[in-house]
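You will see two complexes here that share chain A, one where it goes with chain B and one where it goes with chain C.
Here is the complex of A and B:
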């Protein structure tokens, strides 16, 4: 229970910090780093969920743009090399998990009496 | 294309695409909810709704994941790719509805907080049978929300296409998590084997298409090396209005276009989503990205005014009929004088 409560509190804390970052970024920061956003306000509420979820990335990129730290050429370098490993890992993972799932299925292939797996969590 | 950001960019094609998508989602849910017999007498409307939205989210995610490799393997599927982001956002909403039904039925009637209950109810992490499959669903939902929430064009420009793409590679982790969520969840208790078969067909299609697209891409030839300059192709191999794509030693791809008998080279990666510009066709001096329609002047790498997108350009030369590109890219938007092909034989696509 303590771990579950801690995780929920962590998520709440993440969201609160994200809300603060969203407020500052969408009111002040976005105008400083993107000329296309200057004078455009209606689309900004659409960005709030994204900032809430990935605010560390937002802060990192904001700092990169403000400090001109990113090399311009990196923007035009597609990440094709990662595609193969990503789809191979996904495919192998799916095959393994489906086989694992079906192998422990109690009603597969024939109906059998269900077995209680554990005594259950303490309430 | 940007200029000033708008909440959602609509056009007639997108309205049509979204209408078909919404009608398909509604039809799927209606068939599942009202035409599919309930094999398990223990289910109630709440559980049936949760299963309908869960199954719908899985099918939508499978279709989304099939569109990408299909478009790579066969360009006729490209129109399906153009508006895929609306499809993805809709999928996140459908998955969230599934999670809402689950939370508000299975975890809503105890003294503890329902979110704490969701994380606490099953902690049998040491076994496959009875594994807390909900954790896979939570992970997949978070991934889908991240992808949907960062789907606006602003995020592409702000994060840069490579960072944005890496973030959106979460879709593969999410699909694995969905497969695990289903395999260790509903499949353990499934009385109706039709869904089991449909699930395996959907996941199988995604796997086969992605592996096929990856293998097809691996077979693409790389440019031959020749000192500092890199050979792309013989000048007679070029076709008016189209490009040859070459891979440079640093991994960058360059698209060399033939326009009005002259050669120009720009980065193959579109400034929007790094789409393959070299697969586009030149119309009125502008190449159109086959993914989302962004356009660039191949001589300068600049989008036509009032748009502001730019891509890097490359120096180009002809050596004994061989077209060569210098691997050092010019800053985006740098004009490079096109190189004229002086040919004895007619070029491909030109009348003899």
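Here is the complex of A and C:
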């Protein structure tokens, strides 16, 4: 398996798990943790793309609220606390990706000349 | 109550925050402008390829040959396309004209369309249906294939249409996905040689023994590679039969 296939398989796996989480959360979970969502269904399909992408966060928040594991405000604090480092890391990541891309880019091999290995039949 | 200044979007910015706001604005504009300039300057020259709508519609007559990609060897030319020229053909979008050309293989045909030109490489985007390609009256002269021997070339496999001017850039890694889609749609593939071969840097590239470009080679499209294969001159067009098992990245040794 090459790198491209591994990346595609990783994304497919992430998406499949996200789809399962979306199905369970939007059918069962959302009614259990948000009483305002009870009886409201039209908006739920709109959440599917988001759940596909951030399903670990959805599961964590669901567990936090369902289990009363933390006080109300504390359920949100860890996520907000990570915004700062995330912004810095993503900014640095863009710079690193650009520099890495430029550094591994091939240069046009104009110094390599064509080589005739054998003559043609009528040459 | 806190004396810390607080910015509200619909009110004038508090005094202590104005300097910060100006500084950030200047840094953002200058920084993004500089980043844009540097990224643009790092890109390769897209080259002079273009659709030549300024030439108007071109109509010529010639012999159709499936190499296996459709080529026409001009017999009756016009002001721009001379008898003896050979050029590749394509359809609109990311598709070739194989299905239209195959029934006319070896026969005289009239072709009509718009020329794409990049240096001494040109091809024609044919009009739709029989308006673009139709059988013509007359006997088709034989087009002799002239073997030019086996060659090791270094360069890049591109799709002929984008390279000739349908897109800018029409080659390079940023264009790889588009090039592969064009090749899957039967647009003729072109090899751009690092240095001229027998007088030209552009060769039609096929698989061994006149087969289509093997799918194994698609992974190397838009990368700079070295490979081996036989070159045959058909009309005034060079056709390189690339051997996929000899393909490696330029600069790498053959294992």
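The working rule: the second predicted complex is superposed on the first by the 71 of 123 C-alpha atoms of A that agree within 3 Å, B and C clash if a C-alpha of one lies under 4 Å from a C-alpha of the other, contacts with A are read in each partner's own complex, and residues count from 1 in each chain.
Everything below uses one rule, namely that contacts are C-beta pairs under 8 Å (C-beta built on N, C-alpha and C of every residue); 3 or more make two chains touch, one makes a residue touch a chain.
Owing to the predicted nature of the structure, the values given are computational and were not obtained by experimental measurement.
Participant: Looking at the overlay, what does A:81 touch: chain B (first), chain C (second), both, or neither?
Facilitator: The first partner, chain B, only.
Participant: Which partner does A:119 reach: the first (chain B), the second (chain C), both, or neither?
Facilitator: After superposition on chain A, A:119 lies in contact with chain C alone.
Participant: Who does A:53 touch here: chain B (first), chain C (second), both, or neither?
Facilitator: First partner only.
Participant: State whether chain B or chain C is in contact with more residues of chain A in the superposed arrangement.
Facilitator: Touched residues of chain A are more numerous for B.
Participant: In the overlay, answer first, second, both or neither for which of chain B and chain C A:28 touches.
Facilitator: Once the two structures are laid over each other on A, A:28 reaches no partner at all.
Participant: Taking the superposition as given, does A:100 touch the first partner, chain B, the second, chain C, both, or neither?
Facilitator: first
Participant: Once the shared chain is lined up, is A:71 touching chain B (first), chain C (second), both, or neither of them?
Facilitator: neither
Participant: Please report the chain A residues shared by its interface with chain B and its interface with chain C.
Facilitator: Touching chain B in the first complex and chain C in the second, residues 98, 102, 105-107, 117-118, 121 of chain A appear in both lists.
Participant: So in the complex, the part of chain A that touches chain C is made up of which residues?
Facilitator: Against chain C, the touching part of chain A is residues 98, 102, 105-123.
Participant: Hey, which residues of chain C end up touching chain A in the complex?
Facilitator: 39, 42, 44, 146-155, 173, 193-197, 223-224, 226, 228, 231-232, 249-251
Participant: Would you tell me which residues of chain B are touching chain A in their complex?
Facilitator: Contacts found on chain B: 2-7, 112-113, 115-117, 119-124, 127-130, 142, 145-146, 148-150, 152, 154-155, 157-163, 165-167, 169, 172-173, 175-176, 179-180, 182-184, 187-191, 200, 203, 206-207, 210-211, 213-214, 217-218, 251-253, 267-269, 271, 274, 308, 311-312, 329, 331-332.
Participant: Name, in rising order, each residue of chain A that touches chain B in their complex.
Facilitator: Its residues touching chain B are 1, 3-5, 7-8, 11, 33-37, 39-40, 42-43, 46-47, 49-50, 52-54, 57-58, 61, 65, 70, 72-84, 86-91, 93-95, 97-98, 100-107, 117-118, 121.
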